[in-house]
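The structure appears right after this line, and notes come after that.
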Amino acid sequence: MLEDTIYFFYDLVQYFINGLAQGSIYALIALGYTMVYGIIRLINFAHGEFYMIGAFLGFYVVIAGHSLWIAFPVAMIGSGIVAVIVERLVYRPIRSAGRIPALITALGTSLFFQYLGQGVIGAEPKAFPSVINDQTFMFGEIMFTSTQIIIVGVTFVLMLFLWWLVGYTKVGKAMRATSYNREAAELMGINTNRIISITFFIGASLAGAAGVLVGLYYSTIEPMMGLIPGLKAFVAAVLGGIGNIPGAVVGGLILGIAENLVMGFWASTYRDAIAFAILIFILLVKPTGILGKNIKEKV
Amino acid sequence: MLDNSVILETKEITMRFGGLVAVDNFCIQLKKTDLIGIIGPNGAGKTTIFNMITGIYTPSAGDIILDQKSIKNRRPAVITQLGIARTFQNIRLFKDLTVFDNIRIAGHFRMNYGLLSSVFRNKKFHSEEKRLENETLELLEIFDLSDKKNYLAKNLPYGMQRRLEIARALATRPKVLLLDEPAAGMNPKETKELTDLIRWLRDKFQIAILLIEHDMKLVMEVCEKIHVVDYGMQIAHGLPKDIQGNPKVIEAYLGTQ
Amino acid sequence: MNSSFIKIIKNILIYLGIISLTVSNAYSNKSKPTIDVGAVFAMTGPTATFGQESISGIKLALKTINKEGIAGRKIRLILEDNKGEPLESANAVRKLIDMDKVSVVLGAVASSNTLAGAPIAQKAKVPLLTPSSTNPKVTMMGDYISRACFTDDFQGVVMAKFAKETLKKSRAAIIVDNANDYSKGLAKVFRQKFQEFGGTIVSKDDFAYQQKDVDFRSILRRVKRKKPDVIFVPGYYTEVGLILKQAHQMRFNVPFLGGDGWDSPKLQQLAGKEAITGHYLSSHFSPDDSSPKVQNFVKEFKKEYNERPGAMAALGYDATFILANALKNAKNLSREEIKVAINNTKNFSAITGNITINKNRNAVKSAVVLKTTPAGNVFVQKVDP
Amino acid sequence: MDYIAHLTLNTGIFIILAVSLNLINGICGQFSLGHAGFWAVGAYTGAAYSVYMALPVPDFINLFISCIVGFISAAFAGVIIGVPCLRLRGDYLAIATLGFSEIIRIVIVNLDVVGGARGFTNIPNWSNLFWVYSWVVITIIIIANIINSTHGRAIISIREDEIAAESMGIHTFKYKTLAFVIGAGFAGLAGSLFAHAQQFLHPNGFTFLWSVIILLMVILGGLGSITGSIIGAIILTVLPELLRFFGETISQWRMVVYSLLLIILMLARPGGIFGKHELDIKSWFRRSKL
């Protein structure tokens, strides 16, 4: 009996650690979601595909024999550039047409990249080479790997960077102004189109970084890989309060941990159901998310 | 019954948003055919008072009595059905619908046929729709909007949109009509017409009217009694001529020297 | 209201007209110098990897077959994508039968897709041969439906027997892909047979994951708690590779067993060198098989696609040859006679074994048990039905 | 012409789905992304009736009962989902309904009585063109008649301005739920027809992607336009099939083509082909005379 209890706590900690690593990846994708939503109120369904593009860019750089120090920037800049192009060609013209047409366009863009990926690079999963020496650390019954540490670390650093960028720099101030009231920001001399492009670039770069991390962590990448994490990241963003940077990270971590607890103690069959149930619960109880602020509609 | 019985009364209603007190202990009484104005500087909490009366906000404290019954925790739709109609400061018409449909929608809750009748188009459906159509046309005639019947609401000139909104509110057959800055954005000629319209409405429909207005001239001319609010507090009430000379009111509007 | 009725009917008529025009232009008055064979596979969508691999095998086989042709006529492949979805599969099968007037349909991989298409082929009396749908229900749809592979039942028995009798293991855990009918079918048979042979299954319910999952650490942790000495994972290599890798990191030291879903060179890549060693799978053929037929296939496949062939490719290849053989033996090329010829396939020597189609239209052939190594799977034993 | 017959039949089913979703998204203005969930509920319950409980009556009566079963169960699911979720607005409602429809799918995967992940087989083939299009006509009449009544105007007013609607004495929540439940019910009915046409159901046939496709049909035609939805359903059912006729290469790339067309259409006509208006052939002639 006592042994069972001890095991229970060991397991709890273990699932927590696993969830932290998985949640960090959701968080990285969610950061981009939340930034884009925050600034133009668009659920950018194609965001999961930026993550996929980042993963493949990283993959090809590594395959070509370069180190991770090159793979990361290439993946981040590459998916950032793709995002900027998509924003320029597709989202900017549709922006004035309202939110629903923009949402549909985002769905179309997402499908486009998925199927383009399948056509160009093939549907079969590619094995991401293990370029770092993945060490396993054991503390009694609890185990974690160096990749897990890297993932959590990178996420944390990138979140802090973003937090600083949005909160304490001129660009960040312009972003906040654009998000609050685009017309007013424009009148204040802010080039809002440029700010929106920058936001897309940064958001997609983070997703690109997440793509490479996922390649390292799970060692598999494929063109459809963005679909589910994209949805989950959106759930995470809503969970934490959409438009809110620390919120996206908190939401991602909570989601990751909750999923791992469900898988560990119950059945993974219901894992996605639980993720959506959490989402619905949050929406009903506190629609602005855990860290979001309450806004009343003005009458 | 006495003709001048109180129809609507707010008893010390208070509205708090977090720490901010938007309206503090506001009291007002409307008799059956009263025409009362609420004035006050921007952000004084006037619209919040309307929102509480119409049920969009629930007051943090106090009570609202309509026809001797509390309507404090009722939904806006129920309050409208019980007899309070309103217009909005920033005109909330159904912009993409016709003038005719705007008015017909306001008659909805008095329609007496069910969903099945609308599917099977029975006798009841046709007679009720006919009745609504007649009432609507009548009202449009009164408001001089008959020839604009099939225009989309958004295509009407501004003054006409205001008029349509008032007509729409009246189509709910209210006992009390709340007008939120009806003259906002109107030119002097339109304002003059509005002044006449408001008086005429009260006499024709025998209703109580409560209006919020910035245009002092209109308020002074049309209202029989005026309440002044500032920072959510009622700082004065009385007859227009009394209000005009009240130092507190002047201070609220012009600031202290 | 009346006017909108008319509108609707008008719309329908117009669009029917457009279709029939397009179609009749393209398909009328065509004499057929070729034998048209339809293929329905997932070329796009989440399960496209299996469809694309199968098609590689089929095309390779056709290349050889069409060198000579069937009585001077070449086989023309008409490929339709089903996106891995049941509805699309049904549409594709209908299109092939109705528009292209194909003689035979090959497809699909996922049993859910084949099951959606099978009733249509049966009703239209067009033979449908599936290379790799292992759900027993598929061929129960009627006499025009047959398969070139064994069923879930057989593989489950093979691995249960192997675990108990060859590896001498007694406590098995089962990790199943819950969204996958193939995986659930195998798991069910394995559970039943392993217990019949005297083994224990460590948990009442199978441990479950879902296709497309990438993180299995928490499930594996639960499995470890039950202290099994062998673990049966009848999934597809896309997930199994990751399971093996993560299990290795978690210091599992028991063998993992699986079915033909494991059989792809990608498994080695996904799991990595350290994690891949010492597990077993049942499959249709072994690339190490020294028979010239198999060696030739492996060589040609490598030449064509620069990859080692997996099970799906081999099955696609074999199904095409079974079909070619049937076309040669058929009295004439009517669909009815082709069906008879396919169902009469006896002892046909193919790369996945000597194939006989039995009275339930399932392929009866031997299975092989392979052991995983970093260089590829190596042959352990052959199990006859 | 089995292929064309079935394509026509599927088109009919998607017309019902698109028109019913239009009631929720276009007419009432509530952005739902979970229509595939209701479709699945109707398909599975309708099929379960036919497989396990069919009465000894002629097929078409059984089909009728099965459609009613599908309608009622999907409408019931609509109540369960709508009552809590319809308090949400816009994107949030979209994501909540998406979540619910995924939950429905996951529950079906784990329900062995209807085949679970192995799929539901042996469903009788009762649907035919006549019954499907009878239901199409019935659906359109019912929904059009509701829209053109005081109840419909109440629903439309919610789309136009929810707060103003409430202030006009309309129980907005009641009418939102009503539109949602009726829409869900007809999706269920379409599901039952679908089950008896396909004879086989699999949870993978009701993924989130299908909710998106049905939504695209509605949006393509124009949110709020019934005729638009019908034409949107026709185009999006026929187009992917039509692309099959352009050879193997195009067929493999058709999803890319499809998504590109979608983006271009949105850029060119964001309101859909017909916007909020109904198709009126007479007005075309009037315009051309000018």
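Every chain is named by a letter (A, B, C and D) in the order it is written, and numbering of its residues begins at 1.
In the analysis below, a contact is a pair of C-beta atoms (placed from the backbone, for glycine too) under 8 Å apart; a residue touches a chain by one contact, two chains touch by 3 or more.
Since the model is a prediction, treat every value here as computed from it, not as a measurement.
Q: Could you say which chain's mean Cα position falls nearest to the mean Cα position of the entire protein shown?
A: It is chain D that sits nearest the middle.
Q: Work out the mean Cα position per chain and let me know which chain is farthest from chain D.
A: The chain lying farthest from chain D is B.
Q: On a C-alpha centroid basis, what's the spacing between chain A and chain D, in Å?
A: 31
Q: Counting in whole Å, what is the centre-to-centre distance of chain A and chain C, each centre being its mean C-alpha position?
A: 35
Q: Between chain B and chain C, what's the gap in Å when you average each chain's C-alpha atoms?
A: Computed value for the inter-centroid distance: 71 Å.
Q: Two-or-more-chain contact residues of chain C, please, as numbers and ranges.
A: 43-44, 178
Q: Considering chain B alone, which of its residues make contact with at least two other chains?
A: Answer for chain B, listing residues that touch two or more other chains: 56, 88.
Q: Pull out every residue in chain D that's touching 2 or more other chains.
A: 109-110, 141, 145, 163, 252, 255
Q: Flag every residue of chain B that touches chain D in the complex, lowest number first.
A: Residue list for chain B touching chain D: 54, 56, 75-77, 80-81, 85-86, 88, 92-97, 101, 104-109, 111, 113, 115, 117-121, 125, 128-129, 132, 168, 172.
Q: How about chain D: which of its residues touch chain B in the complex?
A: Touch list, chain D to chain B: 141-142, 145-146, 148-154, 156-157, 160-161, 163-172, 178, 276.
Q: List the residues on chain D that touch chain A in their complex, please.
A: 31, 84-85, 87-88, 90-92, 94-96, 98-100, 102-103, 106-107, 109-110, 163, 208, 212, 215-216, 219, 223, 252-253, 255-256, 258-260, 262-263, 266-267, 270-271
Q: Please give the residue numbers of chain C that touch chain A in the complex, ascending.
A: 42-46, 48-49, 51-53, 178, 205, 207-210, 212-215, 217-219, 221-222, 225, 238, 241-242, 245, 249-251, 266, 269-270, 272
Q: Can you check the complex and tell me which residues of chain A touch chain C?
A: Listed in rising order, the residues are 7, 11, 14-15, 18-19, 22, 115, 118-119, 122-127, 130, 134, 136, 143, 145, 214, 218-220, 222, 224, 227-228, 260-261, 263-264, 267-269, 271-272.
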